[in-house]
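Next come two complexes built around subunit A: one with subunit B, the other with subunit C.
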Partner chain A sequence: MAGQASRNFMSRRLGLALIRAIVTLLIVATLNFILFRVIPGDPANMLLAGARSSVTAEQIEAQRQNWGLDRPLFPDQVVDYLWASLHGDLGYSFKFRGRQVADLIFERLPATIALVGLAQIIAILGGVMLGLYAGWRRGGAIDNIATVSSLALYSTPAFWLAMLLIVTFSTVSGWLPGYGAYSPSASIASVDRLLDYLKHLALPVAAVALGLIGQYVVVARAAMSEVVTEDYMVTARAKGLTHRQMLMHHACRNAMLPVVTLITLNLGYVVAGAITVEAVFAWPGIGGLTVEALNARDYPVLQGIFLLLGASIVAANLLADLAYGILDPRVR
Partner chain B sequence: MTNSFPDKEPLLRVDGLSVDYGLKGDPLRAIDGVSFELRTGEAVALVGESGSGKTTTAMAIAGLLSPNARVSGGQVHYRGQRLPIDDDAAMRPHRWSETSVVFQGAMNALNPVHRITKQIAEPCILKLGMTRGEATARAIELLELVGIPADRGVAYPHELSGGMRQRVMIAMALACRPSIIVGDEPTTALDVITQAQILKLLRDLRSQLNLALILITHDLSVVAESCDRVMIMYSGRVVEDGTVAEIFAEPKHPYTKLLIASIPNPANGKKMIRPIPGDPPNLVNRPSGCAFHPRCPSTMSVCTTEVPRLGRFGHGRVACHLHPPLQENMVTVHA
Partner chain C sequence: MTENIVKYPPRGRTRAVKRFLGQFLRDRGAQVGLVCLVFFLIVAAMPNMLVGPLQTAINATGDFLAPPSGQHLLGTDEVGRDVLNLIVHGARISLTIALLATVISLVVGSTVGMASGYFGGWVDTWLMRITDFFFVMPSFVLALIITPVVLEVMGRSGYILGFRLSLFVIITVIGMTSWSFVARIVRSQTLSIKERTFIDRARVVGSSNLSIMVRHILPNLVPQIAANGALVVAGAIYIETSLSFLGLGDPLQPSWGTLLSLAQRAGAASAGAWWYLGAPGVCALMVSLSFVLIGNALDDTFNPRRRAIP
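What follows is the complex of A and B.
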């Protein structure tokens, strides 16, 4: 039966995609490892850089042994690194002395997921629908407005949008806070605290969402304008369907194919955060942590963040693969 | 097979239909004063070179003119009722219930993301108000009617061959029991054997369901066995119209003669279609008089100035100054 065959094919596809994801992740992790070894400077020196007093050769040697840096890079160190990473052991931060990198990252993760996740939801709901509608009614007033403004938003750097938002809604009007996640004076009461948090979240979310909306409108519109020229849309019209039925039953599903792929791939960046936007708003997320780590040359933290970024992008690719397989019978 | 008694109002009557494309200031007249009738169960072939207005004629009848098209003259009557062919929304009830279309096989006319049963059942649900179950049962019945086993109903279009897809298209066209089926080059993209099978299927269904058929084709050889009548179009006008037997045995119009002479005939080693010399006419600046005069081997001076009227001739009609129409009062047989 056709159904059985396509199910078998589906599970084979799934298996292949999984293997591909795992191999990619191993390569990403290894490259990540190599990257931080080829950066000039002895890691042991850097480990001790925080110590103001003079460092002796013995101390360095002790550190090298302590961190396993005296052993051969390959295979010992690589294997160690991969094994440790697999267990969530990402090493210790230089800057935040003695703190586990994994702990630092997980501490910052919720703020980033709140920021980028919320922005994604808003952008998906608004941008995709607007883009699909604009493509459906190509040349209409809404299309013209949506196309011009989304191209403008799409091509504006996020930090610039962020600064414009701060100037307009924070500095000049004072409507919304433009710095940090909480007011210094915020009470501990949970409801007030949540409201305060949401207020602080508003502008960063707007900055990230506007850029994404621009992107989604452009892609959804392009996909829809292609779909409306397809022959099966002529068939749908010939069948006597109303415009609404043509849109809902035939156009949207097909136009969503490239859009869903883009959205799923974008989800990979939810954890990486919006580095520039977080920096402008001093938002305490992964993006902010990245900037802090960069300034302090905190390689273990950067290495951890890169690994997380790599892993989430690989996971998003896997998800995009699966989603496409579900939506488009041709690739099952 | 021909049902040519002028006993009652024809199923479809097209009177002086003209359709323009494009801007009001500089329109392209795709069809210019097309008139013909179609009777219940009758099969008419629409033949002519690319750009002669075959699709435009058929789409006008099916109420499927594109948004940039404008009906600049004439009217269409279906069962005695005037069709609002230039009103997209008003034509909706007519579509698929009265006239359905089988598009070219190469066209991606089926939606790639829906199973074929669903696509056949869709108009039954939306137009006939069937429940999903009833519609699915009807879809499977139709699939079997066109020779597709019921268990293939779960397939997606890409899982089927071109011939099978065209069978699905035909099953879909039958869903709402229409009286007219338009086939716009329905076999063009198919290999010769599949082409013959699809044409046979159309013939069988037509006699079984008493369907009228408008078959658009470049290929005159297809016409002989599938149709009762042939209508030759040139530059948006009907230039000749007659029974298949008449047209093949005794073509009147010089263009029809050249068309028939150009049919490839493997028996005498003529495998390639011999093109008719000269360029297809420019529709924006149609040649004056008879649009065929720049290419016609028998052009006379009147041809360059006066558009020949499509007059009755024998059992058919022809528009050529070589064949002036018979006196009206002498005409005893309808067109």
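What follows is the complex of A and C.
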């Protein structure tokens, strides 16, 4: 009976989270539509602007009808736009003439996923463990060093860290490449090429990972130092458990809750955070594309990226909700 | 009227403020943060007296990308401008953007949170829906898409209060997208404060909703707003630096982020010009770190929930 009730509760919770996610995505898409139409000038004029002198008013009017721009903004055009976005049709890029925005984004996505994924793994391994340990031994030497440096890392713009890394490890010492994803001279042989790629990946990953480590240490330490003051820790000690047992069975499991939530949420945010880092390294991912689109005022591409970021953030939130439900028995 | 609201007798209030200050100033982080912040505020208050007017490519005095020397303490940039001159003027611009954006976000956040918590019902439901959206979407992502469009609509030129219009666009966009956290905290505090007796008393006396909110609830929210305000400033600096770095700043009034963007375009990193890219970054880091430290110290002082470790 109880199991049935709790399962109902869980599915209700998930249902609500799902509805919230869909509403958020709808707002993102609608915002995309509104922003694009706020820009002065009719889209038809803008798209044909390059050839304005040789385009007649009738041709523009015909094109407006063809694109559905003569119909009312609401609801016709909005619904059309949302419907098209839903089907993966994000329009055409201004800068890369004739290329589909969706294609451009999917082309760049693997590079960003490699960068962000690797950085995330390193940050989880390093940052969470360091933070938990610092919280467990609060006031110790490691705690003091970890707290100060993680706060500093936390307040450092990741892209600035990236520039410093280039100066130190690329310009001055020449150990690692600081630009692009492949050396121009790299051979096609697969192993060499992979090694070359990894070498190029090292510094961007380090920059993103260091920023994340700062965050994870702060949160993991706070969670752990909250846990060690709880009554059940006193009970555990009174039962005569060793430090190791207390740490493993009682402290870590409880302290992991906020940490896991942060990690899952970060899955969505780091793509956005990596934009500036990618710009520094000319990394051929979503960030590089964002900068190119910003400089060329390529609005369709910007809209597509905004939609992608929104979708990944919403998905990460949904995942965090799920993880929380599974991990926290009180929610179950 | 006023006699009714004073909770402490005047001397008691002074004592409370003194005790708070005493505890706050004993915090090591707060000390470091305050000293650092005061330094930057002084620098930002009188850039012309300290380093002279902002140098441009026309009145630049130094060599191109010259390393630090006696004449140029922090070296020069790619057109020969003194980097020290640039970052001192950048302090004023960066701090103005961050502080004004924070004021906007605190005003919006407190208003939304207070209205939501005080009125409840459908007002609460709808305001919290909106807050949820801004809570989920990071300010940086929203600002990244909104800023270029607004810049296109409004144009970059024109001055307001001596600042370029494009800076005002950035300020407004950052302020309007980073208030959700404040709104949530203010709402939860309002929910508990509005149940207290002194609110009922004010209502019986015949105070209007607005006056109850402004005179009775708002003063009790000051601790939460202050502690979070400090963190909002740190966030605003981060977002401003990132946006300007991506080229959305104003080259005529360069903030630290804009300077980093110029350094990146000039290839300072691969030219090894550490002074050019180092100086603005260190400044942004120090200011944002000192706000984080002050925010943490305020939070610690207001929530004295510090128990012994077993």
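Quick note on the criterion: the second predicted complex is superposed on the first by the 314 of 332 C-alpha atoms of A that agree within 3 Å, B and C clash if a C-alpha of one lies under 4 Å from a C-alpha of the other, contacts with A are read in each partner's own complex, and residues count from 1 in each chain.
Here, a residue touches a chain if its C-beta (ideal position, glycine included) is under 8 Å from a C-beta of that chain, and two chains touch if they have at least 3 such contacts.
Predicted model only: the values in this text are computed from it and were never measured.
**Student:** I'd like to know which partner A:300 touches here: subunit B for first, subunit C for second, both or neither.
**Tutor:** A:300 sits against neither subunit B nor subunit C.
**Student:** Just to be sure I read the superposition right, which of the two partners does A:290 touch: subunit B = first, subunit C = second, or both, or neither?
**Tutor:** In the superposition, A:290 contacts subunit C only.
**Student:** Who does A:234 touch here: subunit B (first), subunit C (second), both, or neither?
**Tutor:** A:234: touches subunit B and subunit C.
**Student:** Looking at the overlay, does A:178 come into contact with subunit B only (first), subunit C only (second), both, or neither?
**Tutor:** second
**Student:** Kindly classify A:254 by the partners it touches after superposition: subunit B alone (first), subunit C alone (second), both, or neither?
**Tutor:** A:254 sits against subunit B, while subunit C stays out of touch.
**Student:** Is A:24 touching the first partner subunit B, the second partner subunit C, both, or neither of them?
**Tutor:** second
**Student:** Of the two partner chains, subunit B (first) and subunit C (second), which one does A:314 touch, if any: first, second, both, or neither?
**Tutor:** second
**Student:** With the two structures laid over each other on chain A, which partner does A:214 touch: subunit B (first), subunit C (second), both, or neither?
**Tutor:** After superposing on A, A:214 lies clear of both subunit B and subunit C.
**Student:** Decide which partner touches more residues of subunit A, taking subunit B and subunit C as the two options.
**Tutor:** Of subunit B and subunit C, the partner in contact with more residues of subunit A is C.
**Student:** Overlap of the subunit B and subunit C footprints on subunit A, residue-wise?
**Tutor:** Residues common to the subunit A contacts of subunit C and of subunit B are 234, 237, listed in rising order.
**Student:** Could you list, by residue number, the parts of subunit A that touch subunit C in their complex?
**Tutor:** 20, 23-24, 27-28, 31-32, 35-36, 38-40, 138-139, 151-152, 154-157, 159-160, 163-164, 166-167, 170-172, 178-179, 225, 228-229, 233-234, 237, 269, 272-273, 275-276, 279-280, 290-291, 294-295, 297, 299, 302-303, 305-306, 309-310, 313-314, 317
**Student:** Within their complex, state which residues of subunit B touch subunit A.
**Tutor:** Within the complex, subunit B contacts subunit A at residues 62, 64, 92-97, 100-101, 103, 107-113, 122-123, 126-127, 151-152, 154-156, 158-159, 172, 176.
**Student:** With touch defined as at the start, can you tell me which subunit A residues reach subunit B in the complex?
**Tutor:** 1-3, 230-232, 234-242, 245, 249-250, 253-254, 327-330
**Student:** Enumerate the contact residues on subunit C facing subunit A in the complex.
**Tutor:** Those residues of subunit C that touch subunit A are 129, 132-133, 136-138, 140-141, 144-146, 148-149, 152-153, 234, 238, 241-242, 245-248, 257, 260, 263-264, 268-272, 274, 277-278, 281, 284-285, 288-289, 292-293, 307-310.
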